[in-house]
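First the structure, which I've put down as structure tokens, then a few questions once you've had a look.
Just so it is clear, A, B, C and D label the chains in written order, and each chain counts residues from 1 on its own.
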Amino acid sequence: MTNKTTPYAIELRDISKRFGAVQANKDICLQVPAGTIHGIIGENGAGKSTLMSIIYGFYEADTGFIEVDGKRVDIRSSQDAINAGIGMVHQHFMLVENFTVLENVILGAEGGAILKGGIDTARVELQRLAQEYSLDIDVDAIVEELPVGLQQRVEILKALYRGARILILDEPTGVLTPQEADHLFRILKALKEQGVTVLLITHKLREIMASTDNISVMRQGQMVAHRETAHTDKEELAELMVGKKVRLTVDKDDAKPSGTFLSARNLSQFDSQGVKRLKNVSLELRAGEILGIAGVSGNGQSELLNVLAGIEPMSEGEIHIAGQVITAKAPKDAAEMRELKMAHVPEDRHKMGLVTGFEAYEAAVLGYHNSPVYNGKILMHRKVMIDECNERMAAWDVRPPNPHLKTANFSGGNQQKIVIAREVEQNPDILLIGQPTRGVDIGAIENIHEQIVKLRDSGKAILLVSVELDEIMALSDRILVMFDGAVVGELDAKDADERTLGLMMANAYNDEEVSA
Amino acid sequence: MSQAKVPAWVNIALIPFLNIMLAFLVSGLVILAIGENPIEAASYLIYGAFGYDEGVGYTLYYATNLIFTGLAVSVAFKGGLFNIGGEGQAYIGGLGVGLVCLALDKTMPFYVIAPLAIIGAGVFGAAWAYVPAYLQARRGSHIVITTIMFNFIASSLMVYLIVNWLKEDGRMAPNSRTFEENAWLPYLHEFLSPLGIDIGDSPLNFAFVIALICCVLVWALLWHTRWGYQLRTLGTNPTAAKYAGIDTSKVTIWAMLISGGLAGFVGLNEIMGVNHSLLLNFTAGYGFAGIAVSLMGRNHPVGIIMAAILFGALYQGGAELAFEIPTITPEIVVVIQGLVILFSGALEHMFKDRIEGFFIRRSVA
Amino acid sequence: MFETLILMLDATMRVSTPLIFAALAGLYSERAGIVDIGLEGKILGSAFAAAAAASVFDSAWIGLCFGITASVALAMIHGFACITHRGDHIVSGVAINTIVAGLTVTLSMYWFGMGGQTPTLSGDARFLSITLPFADALADVPVLGLIYSELLSGHNILVYLAFAMVPMTYWVIYKTRFGLRLRAVGENPHAVDTAGISVAFIRYRALIICGILCGIAGAYLSTAHNAGFLKDMSAGKGYMALAALIFGKWRPVPVLLACLLFGFLDAVAVRMQGVVIPGIGEVPVQAIEVLPYVLTVLLLAGFIGKAIGPKAVGRPYVKERA
Amino acid sequence: ADPAVVYDQAGKFDKSFNEGVYNGVKKYTTDSGVQVREFEPKNEAQVEQGLRRLAKRGYSPIVTVGFNMTSAVEKVAKDFPKINFTLIDGVIDLPNVQSVVFKEHEGSFLVGALAAMASKTDTVGFIGGMDIPLIRKFGCGYEQGVKYASSSATVLQNMTGSTGAAFNDPTKGSELAKSQFSKGADVVFAAAGGTGMGVYQAAKDEGKLAIGVDSNQNHIQPGTMLTSMVKRVDQAAYNTYKDAAAGTWKSGLVVLGLAQGGVDWALDDNNAGLITADMKAKIKDIRAKIISGDIKVHDYMSDNTCNY
């Protein structure tokens, strides 16, 4: 960099960060010219948020350093970052919900020991900012009473109030309606015109293409490509993001779907804040068929699984299964759903699928602990459980094959095998399966995929939720794409390719078709 | 990266041992600070607790109460609930025992009274735990606060009942009348001396046997029944419990009922075993001591028995110590108890993280 | 009748004072996200330290300093466990209460050899009541005179301080930078952290204030309201303060009212022993004593409104999942 | 054998009842040079345990303090017939137990009369500890004395509580005293153990008079302690040891009243200024009349009523 003309607004040099065994960031280099909007894309878990948190001083990098305006800065805390003119809008908002907008904005920048002065200054300053960037907001409103879009505006105001010249936004549109998102991009543009540098993380290619100047792509903790927005397209980006992973070919014949085991109609669900997380989803699970649900995570897939499995009650809609109708008024819990021959491999094995403090043989009956097979009149049949666990460990090649090992002490892949074996071996009619190969190595992936196909071929109905496009395409017979809680498209697996799916997942497919 | 490489004995033996040693060390410093010799104090303490027959009897008698309350805390704890209400539940459990004995001792034989008294202790103790449990399960009221409040309510209730209704006429102290002997739990020295085992004239009574039986039952319940399975699932991973279709509020309520019932059994030992009348304040802090016992015993019946005997020895040895060195009050035992709670409970990460780190580094290297 | 009421309220002020200090102490701590059932232990520890020092140095003020020091030290142990080592707040509180219950008796036995008491304090070793100007002169003025001379005048300085602490706390919590950060850290420590403020430092400071206030509460018990330390003299006041804190929904003025209510019930109960009320008979004192606890349970159960505490209270703040 | 003493749970420094016994023990040690083994139990179980331990080691006689110990002493005395016990304030009928009880009503009568004479408002107060017959006995004797000296006087009576804690709650004591003062009382008699400390403090703070109990408590707040109703538990303890050493200790019931010097009122430098010659003379007269039987003081515990 001897002949650089203007220094970069921010430059990262060889940043690495490791969480325990996870290498979240590895040797990351990044240069962002001042006054540009720089997009960063990458799959879930690629390390984007970690990188931004390092820039913002929330985490400290293990190695590497950061330059701002050509000067090396030592960022050890958020305070350092703020002093260096960096502001961040986090993926999960960092707001004190029962504070007013004003209080949230001045928190940490109160301008004196007594609040009054700071509040008055902030009121005036916020008015100015609001006018300048059309960031209108009622500064005396309580934050938790504001819609998400406005809460995000508070985050932006927070950064600007502190005089941020570099603004990081981590998936800012994940929670926004299209209109709100449009408004946000107009604001970003206005900021850019004032010379603010913006780092924008998003999964939505349409947004990236529409609003950025440059784009960097991350994969598995590394920076894999940099592009100028003008010289790239969605297809290329999608490919860069997904990477040239080993193509997993699963040997399978065409599906021969027969009867319907489950049909769901207009399922909706509101979360505790009253936000609609699942929007009128209808689907059918047919014997001998794998139905894949594709989508960027956080678009309602988890809610769908939970509602189908009976873990969370639905708010609206109905499920028909085994001659029974389940509605919001007549719900069934997870145990009752299992009795209807439905099995469920949850997305998150640590949080849900396993009790990591249990020995393997105990975890291997979770959810089926009431089964007469394992229970005597009073005591549980430990021996039966252990024997069965031994058998399954052999059959599924769980290593080490030790039923008494604490579940926590198995590797991710082997934990997953324990869970899948438990659910599959119950011989269910329906198997709900979420992220079956998340964090599982290639050998195990193959094994798991084979089992899923085998299950289909024996006439089971399978619902597969995965954020891995490869996996969806390799396994599914039919694919639904979810976006923002709703099903936005349905494809026959034969018609699916990465490009189409990638676009649908980013909800950019229809724009594309219209423009094409 | 993981616990995988930390040997099991580190967690179940080394860390608790270090915690208790640190607690003893600090207690030793306190004794040193008040100008006494900790070694000498320790020798009186050990002699008092184990050095002679009667001392052993007393040690086990105190341990009986602590086993009950320790089990009570741990059953709730296994379900992720922190029951600070052992004191109140024990108190009310004693009321149950007392009422049974007072009602029946004149008319019924021992073998009728005893099972009814056991039921009385359990049911009353459980009933006292029920309200906080219900409020936690269905209304989300914080069980720690409600159980604390219920301790106070229990103590006022007992004063009211004993002073106004149960006190024997013409007696000064607020005690009920003394039960007839057929409502007394037999002393163990009556059984043991014919066998040639001498525990002196100690108050150790049949309740100790009941406590041991409870340990076995709790062990079986927690690790060998379906209900125990559900409880442990709930306690370690509530999300997994929901996933498994476990009715969490039902399990919560039952866990507290059992916990309260176990605490209530303190009444058997104290009321039916030793005092033979219903009196005030017989719980004497055993409910709180149960927290230390259960923390130290790692919430396992075997650990609880050992911890209870250790604390029983401290109580008994502490009394001996205070007898021999009057400047040291038996309250030194309370200090040790508190330090155990501090080091093996609140400061568990202080050692744990470092020691595990050490073993991990060693195994990585 | 009116006079009886005034006298009852007069007693209420005296009895409520330690509750007010302790409840405000809890308010600082819990508003910062630290559950503190160790209020009881801090009060007791301070009561002992204050009485011991006051009797040795023959000065109530020195006693107060020692009481505060002891209480702050206990608060720092709590902080060390809960903030630095992410320990369970409740376990730590129980531990502190237990340690103090034993240690005060042990130390006083050693120092004073009086079975867990300290010598009786008199003169300068105690906070004596202050007669407000003209109190005696105005005593005969009807109604107002009585209120002024009996109810308002004639308390010791700590009583007035307790009442002054309420607006003071209100001001600190709602009107200062520290208060803003304190409240924020109890609601969402992540927000505070990303705003460039140290979560641990704020929480430690909150605990120091908590320690100071509990220290005053304890010193009041042993050197103002009473004249010496007695074993277990806090007698559940810390828990009662916690109840008042919940009852007042973690806000200064309602907390004050809750303390006054509890104090009033206490004052009534003191005078109810064996009193026969015509038509009703003897009202058991226990029924009155127990009211604060019952009310708190009802409140927690949502039967008389909802008690929602600071959102992050009781949860250790962990930045990294690793 | 070596002598011993077991205090009750209030401990030997309760400034009142136990401390009285302690004073007797101290005096005996000073006079005879014999050390007395002391034990202060901390809970119910330790009372019996401590007694047993002492008995086993052969201590005799063992002085035990307070009615609370009655059942423990009874059990242990049965098991150790060779050891002698003296129980103060309780009655046990065993060949190796001496039971010492006092005529507290007589002493209370005296201080009641003094209170009435010292009162300017003709209103006096009584604050009892735990609400038990024994304490009512104090109250009833006191009331009779007050009425004897001034038939028009008002006696305000309060009990502190209904549990043992009522003997150790100075805060409540001071609150009760303040409430009695505000109702016009200017002399208050506290028969309430440690609770009394709060009463005396309140009297001092408000410039009223208080009457102590059990030991001579006049020194606690000199100048505002009118007198103390002393109950010579020290003597009971002292005599036990002395008699035992001399071989004259006898089991059975010992009742100590005014005549035996078991109860009395206290006059020393601390309260000399408060007692006028006239009062002194009157009290002397009353005292003589009680001893001679001319004044019959009703004992509450004889029929559990205070009808005199």
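Operating definition for what follows: a residue touches a chain if its C-beta (ideal position, glycine included) is under 8 Å from a C-beta of that chain, and two chains touch if they have at least 3 such contacts.
Going by UniProt, the chains are A = Heme ABC transporter ATP-binding protein; B, C = Sugar ABC transporter permease.
Keep in mind that this is a model prediction, so the values were computed, not measured.
Undergrad: Kindly indicate the chain pair that has more C-beta pairs in contact than all others.
TA: Ranked by contacting C-beta pairs, first place goes to B-C.
Undergrad: Could you tell me the distance, in whole angstrom, between the mean C-alpha positions of subunit B and subunit C?
TA: 30
Undergrad: Measuring from the mean C-alpha position of subunit B to the mean C-alpha position of subunit D, what distance in angstrom results?
TA: Taking the mean C-alpha position of each chain, the two centres sit 38 Å apart.
Undergrad: If you average the CA atoms of subunit A and of subunit B, how far apart do the two points sit, in angstrom?
TA: Computed from C-alpha means, the inter-chain centre distance equals 47 Å.
Undergrad: List the centre-to-centre spacing of subunit A and subunit D in whole Å, with centres computed as mean CA coordinates.
TA: 78
Undergrad: Using the touch rule from the top of the page, what residues of subunit A touch 2 or more other chains?
TA: 20, in rising order.
Undergrad: Which subunit D residues sit where two or more other chains touch them?
TA: Subunit D, residues with two or more chain partners: 40, 131, 162.
Undergrad: Tell me, which residues of subunit C touch at least two other chains?
TA: In subunit C, residues 113, 116 touch at least two other chains, as defined above.
Undergrad: Which chain pairs here would you call touching?
TA: Applying the touch criterion to every chain pair yields A-B, A-C, B-C, B-D, C-D.
Undergrad: What residues on subunit C touch subunit D, complex-wise?
TA: 3, 7, 10-11, 14-15, 113-117, 120, 122, 128-129, 150, 221, 225-228, 230, 233, 267, 270-271, 273-274, 285
Undergrad: For subunit D, which residues are in contact with subunit C within the complex?
TA: It is residues 10-15, 40, 131, 158-162, 168, 170-172, 174-176, 178-179, 182, 194, 197-198, 201, 204-205, 220-221 of subunit D that touch subunit C.
Undergrad: Quick check on the complex: what are the subunit D residues that touch subunit B?
TA: 38-40, 42-46, 48-50, 52-53, 67-68, 71, 79, 131-134, 162-164, 304
Undergrad: What does subunit B use to touch subunit D in their complex?
TA: 54, 58, 61, 159, 163, 170, 172-174, 178, 201, 203, 274-275, 279-282, 284, 319, 322-323, 326, 329-331
Undergrad: Which residues of subunit B touch subunit A once you look at their complex with the stated criterion?
TA: Where subunit B meets subunit A, its residues are 1-4, 220, 224-226, 229-230, 232-233, 236-237, 239-240, 242-247.
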